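Below is a structure I'd like to ask you about.
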Amino acid sequence: MVGYGFMGKAHSNAYLKVNRFFPELARRPVLKCLCARNADKARAFADVWGYESVETDWRRLVERRDIDVVDIGSPNDTHRDIAVAAAASGKWVLCEKPLARDVAEAEEMVAAVERAGVPNMVWYNYRRVPAISLARQLVNEGRIGRPFHYRATYLQDWTISADVPQGGATLWRLDVDVAGSGVTGDLLAHSIDTAMWLNGPIVRVVADAETFVKERVHQETGKPRPVGIDDACAFLARFANGSMGTFESTRYARGRKNYNTFELNGADGSLHFDLEDPQYLDFFEYRRPDGGKVEDHLTGWRRVHVTNFEHPYMDRWWVPGCTIGYEHTFVNALADFLAGAESGSAAQPDFRCALQTQKVCDAVLQSARAGAWVDAPTVIGVE
Amino acid sequence: MVGYGFMGKAHSNAYLKVNRFFPELARRPVLKCLCARNADKARAFADVWGYESVETDWRRLVERRDIDVVDIGSPNDTHRDIAVAAAASGKWVLCEKPLARDVAEAEEMVAAVERAGVPNMVWYNYRRVPAISLARQLVNEGRIGRPFHYRATYLQDWTISADVPQGGATLWRLDVDVAGSGVTGDLLAHSIDTAMWLNGPIVRVVADAETFVKERVHQETGKPRPVGIDDACAFLARFANGSMGTFESTRYARGRKNYNTFELNGADGSLHFDLEDPQYLDFFEYRRPDGGKVEDHLTGWRRVHVTNFEHPYMDRWWVPGCTIGYEHTFVNALADFLAGAESGSAAQPDFRCALQTQKVCDAVLQSARAGAWVDAPTVIGVE
Amino acid sequence: MVGYGFMGKAHSNAYLKVNRFFPELARRPVLKCLCARNADKARAFADVWGYESVETDWRRLVERRDIDVVDIGSPNDTHRDIAVAAAASGKWVLCEKPLARDVAEAEEMVAAVERAGVPNMVWYNYRRVPAISLARQLVNEGRIGRPFHYRATYLQDWTISADVPQGGATLWRLDVDVAGSGVTGDLLAHSIDTAMWLNGPIVRVVADAETFVKERVHQETGKPRPVGIDDACAFLARFANGSMGTFESTRYARGRKNYNTFELNGADGSLHFDLEDPQYLDFFEYRRPDGGKVEDHLTGWRRVHVTNFEHPYMDRWWVPGCTIGYEHTFVNALADFLAGAESGSAAQPDFRCALQTQKVCDAVLQSARAGAWVDAPTVIGVE
Amino acid sequence: MVGYGFMGKAHSNAYLKVNRFFPELARRPVLKCLCARNADKARAFADVWGYESVETDWRRLVERRDIDVVDIGSPNDTHRDIAVAAAASGKWVLCEKPLARDVAEAEEMVAAVERAGVPNMVWYNYRRVPAISLARQLVNEGRIGRPFHYRATYLQDWTISADVPQGGATLWRLDVDVAGSGVTGDLLAHSIDTAMWLNGPIVRVVADAETFVKERVHQETGKPRPVGIDDACAFLARFANGSMGTFESTRYARGRKNYNTFELNGADGSLHFDLEDPQYLDFFEYRRPDGGKVEDHLTGWRRVHVTNFEHPYMDRWWVPGCTIGYEHTFVNALADFLAGAESGSAAQPDFRCALQTQKVCDAVLQSARAGAWVDAPTVIGVE
């Protein structure tokens, strides 16, 4: 495990729990080593979570023979080097999203894992929110029909104050050199991954981005520095299936904390989701797959409380009506990764799949700079 | 029209609109006379609403030959005398709810209209909220199955302050001599009427009532007087069909303004309604009338926006998605009354039907006094 | 009154009710004449609503000396000619939205009413939804602070079927020659009017539009004809105050019937509204106008049930907790128009104000055609 | 740990996690032994969760010197004997709710732990839903004012089918001999514990209970047997502070899966909670503790997303906007228990506190049998 931050904690928790709730898995993760630059903090974190050892240089981690899997939870500017080296040494590689700071880095990483032939996955954990997995299932069951519209927002409000600094261990997401971009890589990447999983490839975009706070103190130097990230970014899109998309992301939407929503409208039905109420998938049924129409006086948005045993992953957790939360998306994802690695069928999104999301992100940023529509090239080999 | 208060306004508006939205009705109400004790206020109200004349004594109104219908919108203590006299002179009689202050008065009124054979109706207007009419339709379609539970609340918060006086033209609802009771006659009567319309007769009850503010100034005398009404009343009930009921009403529920809700749970489905969101009926479908079960991963509460042309009354108003409001329940009720009077099939609830609600109200108040279960006698001749 | 369609009914109802609920108004509308091409239908409509006479040619209507106000509720292609003629003959002019099919027509209309100096208003009725008026009030009270984002959707689903024809008396909104545009003039115009009322001028846009169903039978000829309107249109915008906007409108969002929503995010607070639940304004308060912050453990979206006497217009209607609906927006607007005409201070939006909305609509359509950002020119003289 | 059922899993997960998320705790639970009658299943469960050993007789567990804490997660009919023996041997005792099958058993248990002077707690885990803890905090801050009403429901729907058997390892909750009662001990006990935590002692009740399905097959014998439990139970209550209570619980409310709700109405504010949406506490603020009233046009129910760092327990989990779920209530409770045992201030509810809930449960069942009001005696020594 590389990194002890927010993601280090979320991933460690997943390793701790996965075999308890997915006991059929043959593989049982062992927490061999926690790797981070700050030795004291790494040691403290390793103690709490039960890591056997600590490294302060990821190069040493990658070289170790007793380690089979490297999980990259450190800032974006470290993803490429660690992943490429880990793959080269034959280790399985898990990587936090976004895959990289840009397409060039991401392509190197895809090449590395494919050359090495190692199992790999990017932690787009929200696919494993049971309600989102259910959305995918309903699409696959043909309940939506011809799609017309997809709209997504990912709204937060934690950077409104100009007093929030940038950089350092906890605020590197505001430092463009480390993060690569702002909300585009951090939030829109999630929205895009979900959108393409549910509605297929995005083929072109036109975007608008803004940096509302132009200067922030850097945590390490204590000095003001221009802000290089996008604080907010919205774009219009076209999907390969002809439907229209609207996407918006910001950290300046007062009152929205983790408001990651999507809505898909098709001729036969619609879906709506909001990550602040992750236990629900809203479903409007107009025509059933057998062709029958819902009676006109009974139509309505149905709020499915996604906690039945029949819902994705929910037979592993508690009983109907009992919710799970944020952390469980990582456990579900890890279980899928381990099962996929065992069976030889890679859990998605792997690096190649995540590269496609990266390409859309780059197109969005390019469009925002150019003020024009930009095509999003397709990655060969992604379903 | 007797009374120019809140109900005088709501009823007058219904007379003004009914033929515009229900143009097929043969009868066209003419606003002949507004009757109220205060001549100046009556005149002013008559001018605004277009009444042709004014009377200050309802006895004169009842005697007039040019008047065919008497609508009683004055305080509860006037209902019996006016209704009995109006029926005796052969007029159609409409009466605000509750029918009377108690069963004894109500029985006189039923006898009077039945002796005279005149069309009569009590303004339990909420039956004509389209969502509540739809609830009745779904019950009739067999979508709920064997009923287990019915729960209703009617919560308001406007009398919490001890500074609110009692009595007089606007606050007679707090004066027990005029109103007969507090929330039981004012609010629970609505809940009971709806409950029995949807779930059949209530056969026994156990109640608890409270007067939180023990003394209030009387508006007319300016002097403090003990408060005789029930400020809050809750009761448990059994329906003739064996299902269990819970009812609660108060004017001390901070934040609830007109929170008139019900929920009906049956083996095959459930319904939920809230008058503060009157455009919705929530429906949980478990088993369809054809016996088919909803698939387990698709079950959920469906929020039906009751504004389709196929919904009760909604073909008369605007277009799907456009809401109607409080006042339209009176127009819908009046249209049903006029249509019923024309066709000879009485619109419900007529006086006899409302007597049944009165009997449950009296049983509730008696139970609260006695601290024991009380049977609610059935009125012969109510479906 | 010109037109007996949906808008003819909504406006007639407003004339009928306005003096009853706003009795202080000196002007009392008299329904002199209903004008429509089909004499039989016009006569029938006039009978139901109490119009004194009928005309089948609007030119005759405009010439009549006994008529003081002309209200244009007929299809968009008639707006300009009637408005220009009516203004020229000194009549007050009310016009349904959108003001015209395009900016050129709209400018002629503005010139006509300003030359004649007659009171004029465009029926952007949603400004008079009490919750939207309250939104404006909260903005004016300084509760939102520096604005960052405005997002609006206006979603419907009634044209998804390719079997819906275009043209004729009821479906002219699908016929580009009559309507001028599709959802842009019909739905986005509302969204834009509200947005600029709450958040100031829009200065540039980039749009994407689509026609999903390429051909529909024309009602009058019975023959298929290409569809010229935009079925769906989305755009990104910048406001003069620097905030970012996203707008989307469609008639292909299954399950959305009249889903006209907006959200405004500012540094100190946020607002959200949905026309399917028009009784609510959602308000997130972060910092009060006195500078005080809401305590961190108490922050949350507050769902204001806009039915208190202290809310805009609500002292005119019923009592707290009782909702009003779609039709009341027209009554409120008419009351403001009459009061404004009496006092000499024009109710908004007048023709000039509506021209600004028209300019944004035209910029949106131009951008969609060009695939590029387009500036929206400002109308001089609009606040 | 005694028991490997649903509760065995929930508690084991808490032991696994507590030191990771509450690293300051000096005590670090070690999973020494899993005890259950079925040796094979016990062994399998122990393997998954990492228990060091297995016992099939709780008497042996209690005798073991290497065990400091006994956690009773087995069916209700085993609680007393295990708890009494464990306390006698000086072990700390944790017990699933309800404390016992009836007051007599519960009193023995209280006497045993108090005689032994050992730390003890009952797993009324819902107190540690952050939103419910926040409710308690708001009450303590004086934000509710004089309380008038408390209403609670706990509705489920999993036993509607008459085909569900009773008894055995998984359905002992339907077997009165094992469970003691039906929904009263299982669901109402939770509602009562929460109610008294938030609103003080309940002093008298009147109840109505029903068994809808009169006979069910017993899982062990395969033969039909009368059902002895209450399928549904509702009661009216009075609190010591004079406020009125309504409580209802059932397993026959179609569409409600774990619908554990409460609402508290006071003169100055109201609270509402629903366990199916556990991330929210709804708060209506009327008057602030400083005496200031919320402005009339700003009043509304505020939906607090209880995921801020300032909310109870939430600084231990993820970041604002990220939800936790059902299992975390057990971790939070365990952390409080360990902290309390360390500091010498017992975490609530301890056995004595849970005895008070048991007394109300018994009074409810007695009232349902007798058809009369019954007093709920107070336990001396509970705050």
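The first chain written gets the first letter, and so on, giving A, B, C and D; residue counts start at 1 in each chain.
Everything below uses one rule, namely that a contact is a pair of C-beta atoms (placed from the backbone, for glycine too) under 8 Å apart; a residue touches a chain by one contact, two chains touch by 3 or more.
Note that the structure is predicted; figures quoted are calculated from it, not measured.
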Tell me which of A-B and B-D has more C-beta pairs in contact.
B-D
Report the chain whose mean Cα position is at the greatest distance from that of subunit C.
D
I'd like the Å distance between the centres of subunit B and subunit C, where a centre is the mean of that chain's Cα atoms.
36
Cα centroid separation, subunit B vs subunit D, in Å, comes to 40
If you average the CA atoms of subunit A and of subunit B, how far apart do the two points sit, in angstrom?
54
Give me the residue numbers in subunit D that touch at least two other chains, ranges are fine.
256, 299, 301, 305
Subunit D residues within the subunit C interface of the complex
134, 137, 283, 285, 295-305, 308-311
Within the complex, subunit B is touched by subunit D residues 148-149, 151, 153, 155, 157, 160, 206-208, 210, 212, 232, 234-236, 238, 244, 246, 248, 250, 252-256, 263, 265-270, 284, 286, 299, 301, 371-373
Interface residues, subunit D side, partner subunit A - complex:
6, 10, 12-13, 16-17, 19-20, 23, 48-49, 156, 158, 256-259, 275-279, 305, 307, 317-328
